[in-house]
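Before anything else, here's the structure in question.
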Amino acid sequence: MKQVKDFTIIENLHINDCYSRMTLTPADGAPMPEMKPGQFVQIAVEKPGVFLRRPISINDVDYSSNRLTLLIRKAGKATECLIGMEANQTLNILLPLGNGFSTDAPAGSRLLLIGGGVGVAPLLYLGKELKSKGFNPEFLLGARSAGDLLELEDFRAIGTVHICTEDGSEGIKGFVTAHPALNSPYFRLYCCGPAPMMKAIASIARDKAVDCEVSLENMMACGLGACLCCVEKTVKGNVCVCTEGPVFNIKSLTWN
Amino acid sequence: MANLSVNIGSLRLNNPVLTASGTFGYGEEFAPFIDINRLGGYIIKGTTLNAREGNDYPRMVETPSGMLNAVGLQNKGVDYFIEHIYPRIQVYRSHLIVNVSGANIDDYAETARRLHALDRVSAIEVNISCPNVKEGGMAFGTTTQGAASVTRAVRSAYPDKPLIVKLSPNVTSIADIAKAVEAEGADSVSLINTIMGMSIDVERRRPHLSTITGGLSGPAVRPVAVRMVWQVAKAVKIPVIGLGGIMNGRDAIEFMLAGATAIEIGTANFIDPAVTMKVIDYMEDYCSRHGISDINEIIGCI
Amino acid sequence: MANLSVNIGSLRLNNPVLTASGTFGYGEEFAPFIDINRLGGYIIKGTTLNAREGNDYPRMVETPSGMLNAVGLQNKGVDYFIEHIYPRIQVYRSHLIVNVSGANIDDYAETARRLHALDRVSAIEVNISCPNVKEGGMAFGTTTQGAASVTRAVRSAYPDKPLIVKLSPNVTSIADIAKAVEAEGADSVSLINTIMGMSIDVERRRPHLSTITGGLSGPAVRPVAVRMVWQVAKAVKIPVIGLGGIMNGRDAIEFMLAGATAIEIGTANFIDPAVTMKVIDYMEDYCSRHGISDINEIIGCI
Amino acid sequence: MKQVKDFTIIENLHINDCYSRMTLTPADGAPMPEMKPGQFVQIAVEKPGVFLRRPISINDVDYSSNRLTLLIRKAGKATECLIGMEANQTLNILLPLGNGFSTDAPAGSRLLLIGGGVGVAPLLYLGKELKSKGFNPEFLLGARSAGDLLELEDFRAIGTVHICTEDGSEGIKGFVTAHPALNSPYFRLYCCGPAPMMKAIASIARDKAVDCEVSLENMMACGLGACLCCVEKTVKGNVCVCTEGPVFNIKSLTWN
C-alpha cells in the first residue's frame, strides 16, 4: 500500500563528489511497506527552488533492519541537497511507486542486469531478489571511469560482474553495448541507465530476440498516475511511467 | 464545531474543499492517502467527447514555486468514462464532478448531454480555458462571446443540474467573462485555470515542453488567482469557486475571504497527496479559533 | 571575447543588461555594489509630470517566489528630476533611460517633452502598464487604442530619440498591444510589467496592501514573461526588451532565446544588489562555452 | 560603505524557544565596516518560502574581535530558520543599513533607552556607545514575562535597568509606559519595540516636550532606498525607513 512517511537518515555515505548512498528507516519505527525491485520513491526536498518531489529508485531494502537504501547522483538542486544531508535528518517520502521488474523466469535462466551510471541503483535490489529466487544473475556495469562504478563490492557479492568504463580505467574500455558478455545467450536482459544506452541495449535485444526490460526516468510530478505528465508512448498509446512503469518490456515501447 | 457546508447552486457540499481537475486523477489514485468521502467533492480529469492521446512528452517542467504542464486533455472519451470508470468510482459518497472539454461547441454540448444521465455525477465543470490544446479550449474562454456560446449550448444540453464554468486567467477582464457566463445560466464559475507560460532549456536552446508553451500552476500563481476571485466575486451573484496555488488551509481561507464559496486543490496534491484532509482540518480549526460558527460568514468578508 | 553589444533602435548598448524601473532607484543606491558604467543601461524610477506621494503603507508583501508591490509611482515630478537628480546621475557613462508615467495622455506627452531636452537621457521607457495607480497607468496598457494613443502623443513630443513602450501583461493578447504600439512609431517594447495580484492576511482578515491589489514581480512570473516575450517577438519587427523574474544569467539568456534583444533586471536587485554584474559575466561565459561570437545570434533562436 | 558579505556563524545561542543571539564574523576575515547603533542588516535566508532578505538590527559590534551580534525573535519562516542555524554555517548579509540613533547630547544628559521584546536589540550597542561617550544611559525594558527579558546582564553592565513585565514575573507589573522611571527628567528618550508601545512613549515624550527617537520596523524589500516599499508618512511626506530611518525623531513623524 502506497504511503507518505517520514524517514530518518541513518547514514549518508558520500561515495564521491557526485554520489551518495543514503540509508533510511521510518521515523515512527513502523515496519516499511513491501517493495519490489524496480519500484521507486518520491522524496520531498526542502530547498529553495525545489517545488516537486523527486523520484529516486529503490536501491536496496532490508526488512529485518527496517532499512531502505537509495543511491543518489548530483544532477541539480534537489539531488545536491540530498547528497549534503546528514544522519538524523528527516525526509518525507512517498512510497512504494511503480510496477517493478519481472522476477519470474524458467529455473536456471541466465539473466543479465545492465546498468549505466546511477542506473545501477535498482539493479542491486533486483539482483538480490533474483538470487534469492535461485537464479545466478550477472551484471554488466558501465561508467565514465572507475570512480563512477557504484556499489561494486555489493554487486560482486551477488554474482559475476562485467565492467566497462569509457576511459578504460577499469574493465573493458568503451560502452556497455560493446561488451562481449552480450554475446552470451541470456534469457532476459534488464537495463537501467541513460536513454541512449537503454535504446542501444533494446536494439541488441530485439536483434537477438531476447526478452528485455528497461527502466525509464521520465520527468514526474505526482508519481501516482494522477497528472499524466510522465507519459511514454507505447503500443497501447501514452501510458504513465509512474504507474505502468518505470519498468517496461521493450516489446511494449515504440522505440525502433 | 462550525458548519463547513456550503452551497454551489443546488449542490450542497459538506465542506468547501474540492479537488482540481487534472490533478486528482479519478480520485482512486488518492484512496491510499485520504478518505475521499470526506471531501466536499472531487472533480476528475478533463473529459472530451472522443478519446485524446494528449500532447507529446515532455509535458511538464518545474518553475519557481510552480510548474508548467502541457498534458493536453489526454483521456479515453466520455463513453469510455461512462462504461468503465464511472461504475468503479461511483462507490465514493462524495460529490463527483466531471470536468468537460471540447474542440468545438457541439462536442461540449454532446459530452455534457451524455453525462447528464448519470445519477452519481453531481455537477459538471466546463473547462473553457485549457491553454494546452490547439483547437477550442482556451479560445472560448478568452472572449465574452466564446464563453457565452459554450455556456448556452452546454446549459441546454445539461438542464436542471449544477453547471460550473471554469474560467481562463489569460484575459484582460475576467469579471466580464464571468458575467457573460452567468447571463447564460451557469450556476457557478470556478477560477483560475492555468496561466499560459513557457520555459526554455538554455543549454540545449530549446523549450522544455513539446508544445513550447504550457499552463502555469502552483503557489506562484496564487496572488493572481486571489485577485481574480475577488474581482469576479464582486461582479457576479452566482457562487465562485476559487483555486490556483492553494497549498494549505491558510491559502484556502484566503480564497474564501476574497469571495470564494468553495475552493479546489490542484498541484498541491502532487506535493502532499493528503493535503485535502489537512485543509479541511485547518478550516475547522480556523473557525473555532476565530469564533466562527458558520464558514459562510467569512466568504468575501474582506 | 564575444560581442555582447545590441541595438535598441538607434541606441547601442554595450551589453543587453538593463535595470528595471522602480527596482534600481536612481542607480546611485547601487554604486557601493556594482560598476554602474558597466551596465548596458539603467532605467530609473517612474517619473510623472507632477510630484506624487504614492500609495499608503503597507506597499509590499512577499509571495511564493515573488512579491506584490503597490508603490504607486512615488516621485518628485519631472522638473525636480531635471533640476536635482539629473545633474547628479549624469556622471555615469552608462545609458540613462527614464521611465515615464502619467495620469492622462497630456501628462505623458509633456513629461516626455521636458525629458527630450536632456542630452544624457538616452531614451525613455513609457509605462502604460502600472497596476498601482487609480487613474491612467494600466488602463492605457490594456487596450490597443489606449496603447496606441499614448504612444502617438509621446512619439510626437519625443521625436528622433529612442522610445520604448513598456507593456502590461494583464491582457488577453499582448502581441496585439505590441503591434499597435509599433504602428505608432515606438522603437522598442519592453515587457512585462507586474501582474496584478492580491494577498490577504487571514488572521486579521484584511488585505496585506493598503491598495488591496498590487503588482506581482519576481521569479514566480518568469514563465509568463518568457511566454509573452516569445509571442511579442514573433509579432513585431522592433526589438523587444524582456523582463520579469530574471534572477541570474541563465534566466537572462532564456529571455534572449525567447526573442529579447535586451533584458531588464528588477526584483533580483533586492535580493542581490550586485546581480547585474553577475548576469553580464554569465553572458560572457555562456557565449564562450557555446562558441557564440556575437550574442545577437541567439536572439529568438529557439 | 554598504557591502554584501558572507558571514560565518560563530555561535547561535538559544535564549529560549523564541529567541536566539547570533554572533558572526566575516567569512573572509576582512575587518567589518563601521556601524552605528540603530543601523541594521539585511540577511538572505536560504529557506523554501522565503524570498526577500530580512532586516535585523545590529545588537552589538566588537571591532577588536571583528564580531557582529544579532538578536533574533521567531516571527515566521525566516526567523525560525535563523534561530535553528548552527555554528560554522554561513549567512549572506547586506550591511550596514539605515541612519542610526543620535549619540550627541550635552555632557551629563540623562538618557533613557526604552525597549520592548526584541526591540531591545539595537539598545545594547546604543547603550555601549553612549557610555563610551561619557553618558550614563539608563534602560527601561519591558517584556511579556521574565523569560522574555533579553540580555539583561549585558544591559546591567552598562547602566541602571528598570523592568516591567506584563505578568509581573519581574520588575513592575504592566507596560513600560506605566513605569515611574518615566517621571524622571530625561534629555532624550530612545525607544524600540512594538508600534503601540512606541506610539505611547512618543505621546508621553510630546506631552513632556522631551526629545524622543524611535526605531521603526516597516516591511522592507531592498533596504537601500531603491524600491520605496518601506515608507513612513512624515512631515516631509513619505520617506524610506531603510535610508532616512529606521530611527526617526518623533517630531518628524505624523503620529498624533
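Lettered A, B, C and D in written order, each chain numbered from 1.
Everything that follows uses one rule, which is that a residue touches a chain if its C-beta (ideal position, glycine included) is under 8 Å from a C-beta of that chain, and two chains touch if they have at least 3 such contacts.
Treat the numbers as computed from the prediction; the structure is a model and nothing was measured.
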**Study point:** CA centroid of subunit C to CA centroid of subunit D, Å
**Key:** 36
Revision key, fill the gap. Chain centres from averaged Cα atoms put subunit B and subunit C apart, in whole Å, by 34
Practice item. Could you put a whole-Å number on the gap between the CA centroids of subunit A and subunit C? Key: 47
Exercise for review: Identify all positions of subunit B at which a residue touches two or more other chains, and write them in rising order.
Suggested key: 63-66, 218
Exercise for review: Quick one: which residues in subunit A touch 2 or more of the other chains?
Suggested key: 50
Practice item. Quick one: label the inter-chain contact graph as line, ring, star, complete or other. Key: ring
Review point. Which pairs of chains touch one another in this structure?
Key: A-B, A-D, B-C, C-D
**Study point:** subunit D residues within the subunit C interface of the complex
**Key:** 1-4, 44, 49-53, 94, 218-233, 237-238
Revision key, fill the gap. Residue positions on subunit C within touch of subunit D in the complex are 22-25, 29-30, 32-33, 45, 53-54, 56-67, 69, 71, 74, 218, 267, 269-274
Check your understanding: Which residues of subunit A touch subunit D in their complex?
Key -> 46-48, 50
Point to revise | Footprint of subunit B on subunit C - complex, ascending | key: 63-66, 68, 142-143, 170-172, 195-200, 202, 205-207, 212-213, 216, 218-224, 226-227, 230, 245, 250, 253-254, 257-258, 286, 298, 301-302
